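Step one of this worksheet: look at the structure below.
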């Protein structure tokens, strides 16, 4: 099979001149698209941060003047501060529960030998395929059915369902990479099984657990789709508060709040980068 | 960063105390949860909440900013265990709430300020809740984009504003009001809305999901003219944006907002304190002032001069206020919401 | 704890370590999904499930409603376009990553992962600022430069929703592509170049086909996310913009018709699965070479 | 020291160990040698306790350990890829077993220093395994096991991960260390030269059976089966009919089915009366000797290893005479070739 633009190798001669130009043009387009993608990833955050310092009472670009007024305004609003604390509390709970469920489940799914394991694995990661809104609505209906009302607990449960697959998959991936010889080595060196488990097995999957915790935490903190239907009105998470602000309030304070969330994301990423490395996170 | 056992333990301890703390504190608190408006319009409620918090020890007043629609969904889901205590409703949702039993009948004897209220407002509450404030639906426009300001409802169809008119979805009172008003001036009525749909479609309008979003669209200059609440227009103008409000001929639509006790409220006494506060002179004076310009419902509170463009200020203007037979509208509200998608889905 | 306990835990022997997760999901996932499912086939009045309320009315009504099909088409079209746009941008970026040195790689990773850690509302909000009316970033810049006089209408259009979704979901496309592209066997390209193929045709004939697993993974997840997203359409699409996901929200929260909302949610979920399955099957067809032939 | 009797092991329907008997004396270094899949690693893992035999008993230093978990057996195990804990430094890896035994800190410090000294890695104490070469990693693994003074040291393909040159050197090094310590050791390998280098005795395994268990010289000189003869060193295995052509060998054959003739026992270029005519089909230099393949008239190919001293190399295609140098060094096998 010989295609028109694949020149057969003729001695030391390179590809035809036309194809050199096609190459240059083609790769110019590819690099341009890559650059545009980078721009698309960074520009919105930069613009939001810039806007948050404007002196005008409305959003305008380019921002005018420079003021921290909107940040001050943000912290003076008890409701926003309270909702941030609520989000923190909710996220810690759902992170804890998700990990307590996910780590043993991952062990069973990677190392267990029993019929129906494939099915069990599919069940545990199933919520990942369901949009957060559907999970939220289902919980809301289910709650109406059994008189279980919207509350912190319902929100925590909803977020845990939503986040469990991420945690399980991260831990499973790490477990599959583990060299079983390490555990045997530990045993042959006279360590007890508990010691082997804690010092070798568990220690080796700590990066996955840290990454899992970070992702569940951030997802719980930022989640709106589940929260909209399950959160208690008494203690509304920050994401719902922010959603309302975006719709009801056109003041640059919203930009200030968004900027703080962007800052938080960078801090978390820094911590993750230091603990387990970003390259591993990508997988 | 290296994870040591000690740092892990410390973090875990700190985290768990953070998690546990609010439960301990909350045990001795009294709480009043009130649905409120979003953004700056919430301020009068905030002021009243702060006042009550000063007067009653251990009380926390929480304001939940929301378009009342999703609140009703939550109350419905809660099945009689409403998480909220009081809510203000415009006339249409007020009627729905009465029909569906979400709000409670008022016991006038428990209100100190009962006699304060302009008597004409009481019948509109149908015996549920207190008349809180009223607002006007008029036309708002962006000065930078409009050469000749609109003066009547029919001006929305002016050539000059072609493709620059915004309207609100019929899920909100604003949208319903716009629809009803359009029907009236083009030969329809509350029971015959078809002319209104046809005329609105003629506008090729840009739709806003909620009144606040419609206001933002006007602020950003995406649209030049839109039927809007006087309060939203006032707040935008106050920020220095080129937004102006007109009371269009034959007159703006006035909608009363009723503050009611929600079925299943935990502390009725507190709710009555709140409702009493709403019809107090102090609260009404604040709500009527810049930049909110809510219409007052009590006697003897002066409307400030600056409110003139936003509220009916002369007897003629009061006489011109348009009313809508909401009972007819709310019967078909679900259909109207869906109809909006059928007509305007882009 | 006994030795046996730790052995079993370490080996994960048996189902039991997964049992808590199963029980949890059975109660808080399977059962609620069941209720949701049943609500789609039940008459509900004012929050009360009616006795003998089984009905197919919601199914037949929805399927015979023009609006439903219109909205379905809109969801599909928006989801597909933003997925393709996502791919068009993500692939070059992932390729750039695989061809770059350490610093550039780190930069790309930081820029890709940090949006994942930022809430979707914040990122959607940014588009309100960028596209919004005459004060928006793009229009005000263009007007400042004297290029246009009247601002473009960008916000509250299909374009706004598509670009918003593309940006918000870009990392989900980039990451799987980075994984396959960075790990690829470069000898293949050397062989192709050695046989006289141009760089560009090597890219399209060798690099792209061999990264198929990453492409399928990315397309699947981004399509599923775009197809079911209701926040971006609500914030960027304007009051007239509606997709299936928005309709679910409307029915449940605004119109308060739970049965209809549940039915729409089921149809949203079902159609999403069908599309994902189709992407997977198409991927399998393209990747026939990856199927191990059984040698006799 | 080790006494395994009648060990049988199944993996599902797969019978991987069949009636294996193995007795290892104290201080002896024994190698389990065989092709991959012959069961040698399974037998080693049974001794270590990572697998439990389905039948048979296992005694270590007089104690029945058949059902004992590995951490109670007092055996050291060096893994194929060493299984060094990547998150611990060399020091911590070596100290791991002592810490698990809750030894006092000063004792741990002393013994770790001694162990690292033994394997000449004192300067690398604080490095992490990933920064060490393969040979260094192997010595860490060895030190990690030896520090516990186990009754038995088990090694699974311990030289596999090393390149060819280093491998030879490390085998010698290992034998020296093991002998210095005086420990009983069992190794697994598929590499016959490794087995010959480090072992006191070799157990050749095939299809789950121990074919022959004897000292290296014994195995080389007197293989008990064609398999063993072929596996250790090179061998010409002639059928009865082919062997009958070599008149001197007939006595050794003595009615058996096959005859094993080592290549160095094949002599080329004699006179026609004491040899068989053949043609050189392949020739190569192996260093100190020339190796030939010679085809006989009936098609049988014999390998011959000829010392280069005073030998005029033969070209491919040359005719020559093939004879047996020492008929007594041939081994007759009763089974079929």
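Going by the order they are written in, the chains are A, B, C and D; count residues from 1 in each one.
Convention: a residue touches a chain if its C-beta (ideal position, glycine included) is under 8 Å from a C-beta of that chain, and two chains touch if they have at least 3 such contacts.
What you see is a predicted model, and the numbers here were worked out from it, not measured in a lab.
Participant: So which chain ends up in the middle if you average the CA atoms?
Facilitator: Answer for the innermost chain: A.
Participant: As a test of whether you follow the contact definition, which chain pair has the most C-beta contact pairs?
Facilitator: A-C
Participant: Report, in whole Å, the distance between the mean C-alpha point of chain B and the mean C-alpha point of chain C.
Facilitator: Their C-alpha centroids are separated by 35 Å.
Participant: Take the average of all CA coordinates in chain A, do the same for chain D, and state the distance between these two points in whole angstrom.
Facilitator: Taking the average C-alpha coordinate of chain A and of chain D, the gap between them is 53 Å.
Participant: Where the CA atoms of chain C average out and where those of chain D average out, how many Å apart are those spots?
Facilitator: Using C-alpha averages as centres, the distance is 57 Å.
Participant: Taking each residue of chain A in turn, which ones touch at least two of the other chains?
Facilitator: If we look for residues of chain A contacting two or more partner chains, we find 58-59, 140-141, 144, 192-193, 196, 247.
Participant: Where in chain C do residues touch at least two different other chains?
Facilitator: 3, 47, 132, 135-136, 252
Participant: For chain D, what residues touch not just one other chain but two or more?
Facilitator: In chain D, the residues touching two or more other chains are 69.
Participant: With touch defined as at the top, which chains are paired up in contact here?
Facilitator: Every pair of chains meeting the touch criterion: A-B, A-C, A-D, B-C.
Participant: Sort out for me which residues of chain D touch chain A in the complex.
Facilitator: The touching residues are 48-50, 69-71, 73-77, 79-81, 83-87, 96-97, 100-101, 144-145, 148, 154.
Participant: Note which residues of chain B are touching chain C in the complex, please.
Facilitator: Spelled out, the residues of chain B in touch with chain C are 69-70, 72-73, 76-77, 79, 100-101, 144, 167-169, 171, 206-210, 213-214, 216-217, 219-222, 334, 337-338, 340-342, 344-346.
Participant: Mind pulling up the chain B residues that touch chain A in the complex?
Facilitator: Result: residues 1, 3, 15, 18-19, 22, 31, 33, 37-40, 62-66, 71, 74, 76-79, 81, 83-84, 209-210, 212-213, 215-216, 219-220, 236, 239-241 of chain B touch chain A.
Participant: Could you list, by residue number, the parts of chain C that touch chain B in their complex?
Facilitator: Chain C reaches chain B through residues 46-48, 66-67, 70-71, 74, 132-136, 151, 153, 155-158, 234, 238-242, 247, 250, 252-257.
Participant: Could you pull out which chain A residues touch chain D in their complex?
Facilitator: Contacts found on chain A: 179, 181-182, 184-193, 195-196, 199-200, 203-204.
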